[in-house]
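Note that the chains are named A, B and C in the order they appear, and that numbering of residues resets to 1 at the start of each chain.
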Amino acid sequence: MAGAELTGQATIAGPWRLALRRLRRNRVALAAGASFAVLVAICTVGAPIWVALVAHHGPEYENLSGSISDGGRVVPVVADDGTPIGPGWRGAYLLGADANGRDLLVRVLYGGRTSLVIGLGSAALCLTLALSLALLAGYRRGITDTVIARGLDLIWSFPVYLLAVAIATVLAVNGVHLGPIEIPSDSTLIPIVVIAVVYVPYAARPLRGEVLALREREFVEAAIAHGAGAWRTMTRELLPNVLNTALVLLALIVANNILTEAALSYLGVGVALTTPSWGNIIEAGASSIVTAPMLTIAPGVMIVVAAVSLNVLGDGLRDALDPHGVVRVDR
Amino acid sequence: MPENVLDVHDLDVRFATEAGTIHAVRDVSFSLTRGEVLALVGESGSGKSATAMSLTALNRAAGNTRVTGSVRLHGRELMTLSERELRDVRGAQVAMVFQDPMTSLNPVRRVGDLIAEVIRAHDPVPRRAAARRAVELLHEVGIAEPGRRAELFPHQLSGGMRQRVLIAMALALRPAVLVADEPTTALDVTIQAQILRLIRVLRAEHGTSVLLITHDLGVVAGLADRVAVMYAGRIVETAPTSAILASPRHPYTAGLLESIPRIDHPRSARLPSIAGQPPTLQDDDPGCSFAPRCRSAHEACARRPVLSDGIACHLPGGRR
Amino acid sequence: MIRFVVRRLAGLVLVLFAVSLAVFALFNVIPGGDPALRLAGRHPTQQNIAQIRHDWGFDRPLPVQYLDMMDHLVIRRDIISYQDQTPVMPTIETGVPRTLSLAVGAAILWLVFGVTIGVLSGLNAGRWLDRVLTVVALTGISIPIFWLGMVLLYLFTYRYRDVGVFSWIPIGGYASWSDPIEWAKHLIVPWCVLAVVSIGFYARVVRASLLDARGADHVRTARAMGLSRSRVLFRHALRTSLIPVVTLFGLDFGATVGGTVILIEKVFGIGGVGQYAQESVAHLDLPPLMAITLYGAAIVVVANAAVDIAYAWLDPRIRVA
């Protein structure tokens, strides 16, 4: 009797495995993820290698009076009228120089480090805050939830850029002095914290909704009935069930935060001018866009590449992780 | 022998899903005469709803579904019609009532408008006339104060009332066939009885043929003339209602009947259930789909039984 | 409906109060040194600091300080910029029509194009048009708008100035309403740039929402009753799936008027409220920034209340709640 084969249950894959399978089929999303990984590798590992082997000078090296040989001719890095050298096929100054005679490509690579650190760091901080608030609000419910929800609404009431600019400006005047915590006003931590805080509601509101819905589910009640404490319930029962949403949000928020860093730096309240970042480089080059457009275009293109890859990856992750994305059988 | 209103022949439905192709409906054939109520009975996943959706190709829009076979309404083949031609059939000649009245009505439109819209989609009467007709229809399906109720939004009505609205929409154009997909499942028991009575009355008044899709044998006993039992995408037994309830021949039908609680049985007795799980509909098995769960399965069941004389079983009646 | 509106307006007042407290906390209470020092900006004179201390009464209790701030900002509206000692409110008021011109035009563009692209995408889900539009939408979301503005300005007004189609585009600035053609000429590029991000975002939302609605039971009912394709789409699927767009629009319009214009006005030199905010930031001149933050948040809050009321009108289920 071939009973076992007749009833033969299809192998049921776990949700993560199923998601991975879906993601693997989404070539565009995979390519996007790969391109972001390559971008990170180029800026972290590639930058010092390029400096050591090809460019032979770092991002801060100024060369106002020097000259280089370009196609057999010797040309000044910065011309007498202040116009820097443009892009061309050579090792040093591949993308040209800025007004101070610094190597644009090297600066863009090192600036990428700053921008990526801010994007990733602020996204991690933002999600950590958002997850903690969402779990606490969803688990405790009642007054705790009301206070957290109203607090998020309050932050949400401010236009994001205006709030970021306002906080950054206030902090930029004399840094942060919170008891033992001292952050100087030119620290990279300031944009990280500012960007993270203003986007907390963006991540926390959908997460809170999900936790509240999960809290009503039987398995959570069962865990509590079996004596699971608050910490255990939040980390073992609730957290794993919102991780997929958090993962999708992570990709989108990193993209968003890289853009926000650029905007804040462009307005002069982001990264201190002494550290190159994509936003800073655009801001510095903006005034000379007519004579040296590459100073604006190159860092901007890097931002677009980073943000597009993350947004496409996030979109693919959403399709893969969202159970509603399943082909509907009944319709 | 009255002329058949609806003839379904060798209907076959497959969905492409992530987990592979689901073969939901397999060679299903049945027919409906004028004024007849045929109940399609089975567990969830047995292919009942997929059959209903296929009649007017409502599942054609979902790109992942393939339907083959023949559906004839008054002798006219529906399967080969274009989407535009089908629109004239849907609602006007074959109308449907769905399971969940809570979600099946557009939440942002007034119920009177919804009914009038259906009328005007098939019959170019003036707006006022359609609105008046909608109120009449609401009255006809037993809604008190129909003029006032027509102005309400779906969420302002109870579940039973909403199902009446859906039935009014379905009957607006006096269709030849009403397909009722679990019309009472989402309702309270007392409301269920009212809705079934309503369907019965309307059938008697207008001679509408009804294809009733349900898993509830109580509903079957109250309304159907004939029953077709579905298992794993196939019809395994079909017979007049009284015959099938009194003496089921297919072991699956027998199991279904045994598993409903009965007033005339001692309460202490343990309610029997059919052991095992229905098969996943991914693979085509060569034998009888029910064999793995069947008490009377034997060697012959490795071959698939064909439906003849209203039953698809090698051992009708079984070895009890 | 009326009860709903009244309750919503009462909520509005409470939120406005909370917003003003938050502004007060941000600019006056956040720990770290002398608030007078912070208000005075990066290069204060002793005289400045002394005057600020006196004006704002930093030695007085916090509730008094709060009332003082609100008095200066909202009632007497006589707050002074410490950068150049000019009154703040008149400068903001001259900027308002410019900022609104920019934001309203952009909003119309992004609504029209965002919804159209979203519907096209949703109707062709999975086909090549959907894929192309998806990539376009995601790219739109990923471009820093100030950078796009700079690059377009460079291309149109310098690099390809000689190409006929671009020659009429002004280098920036703003022309008043009184000459509508000049007005539109000056704003067309900023409008497009400001709309790009939102077009991508709205297209994604409308697409997802339409796909959801197409699978909804009531849409199935509409199809089963033989309604025409366009009726099913517009009267049944789209009507319900545009509801989230209304919500978003309220938020985004407020956020644009009160925030994103900072970036665009700087690029195009439009001289509205956003540019004023940006210049204040550059000088670390806090009083104007404080006023703009308060009024900007107020605009968002009011826009949200307006949206909630519109929402209740669109979706009768909300009215009873």
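One rule holds in what follows: a contact is a pair of C-beta atoms (placed from the backbone, for glycine too) under 8 Å apart; a residue touches a chain by one contact, two chains touch by 3 or more.
Please read all numbers here as calculations on a predicted model, not as lab measurements.
J.: Going by average Cα coordinates, which chain is farthest removed from subunit C?
T.: Between subunit C and the rest, the longest centre separation is with B.
J.: Hey, which pair has more contacts between C-betas, A-C or B-C?
T.: A-C
J.: Based only on mean CA positions, could you tell me how far subunit B sits from subunit C in angstrom?
T.: So the centre of subunit B lies 52 Å away from the centre of subunit C.
J.: So the centre of each chain is just the mean of its C-alpha atoms; given that, what is the distance between subunit A and subunit C in Å?
T.: 22
J.: Residue numbers in subunit B touching 2 or more other chains?
T.: none
J.: Note the residues in subunit A that touch 2 or more other chains, in rising order.
T.: In subunit A, the residues touching two or more other chains are 328, 331.
J.: Would you please write down the residue numbers of subunit C that are in contact with two or more other chains?
T.: 220
J.: So in the complex, the part of subunit C that touches subunit B is made up of which residues?
T.: 126, 216-229, 231, 235-236, 239-240, 314-317, 320
J.: If we count contacts the way the header does, which residues on subunit B are in touch with subunit C in the complex?
T.: 56, 58, 61, 63, 83, 86-92, 95-96, 98, 100, 103-109, 117-118, 121-122, 153, 155, 166, 169-170
J.: Would you pull the subunit C residues touching subunit A in the complex into a rising list?
T.: 15, 18-19, 22, 26-27, 30-33, 37-38, 41-42, 131, 134-135, 138-139, 141-144, 146-147, 150-151, 153-154, 158-159, 204, 212, 215, 220, 251, 254-260, 262-263, 266, 277-278, 280-282, 284, 286, 289-290, 292-293, 296-297, 300-301, 304
J.: So in the complex, the part of subunit A that touches subunit C is made up of which residues?
T.: Those residues of subunit A that touch subunit C are 28, 150, 153-154, 156-163, 165-167, 169-170, 172-178, 255, 259, 262-263, 266-269, 279, 282, 286, 289-290, 293, 296-297, 300, 303-304, 307-308, 310-312, 315, 324, 328, 331.
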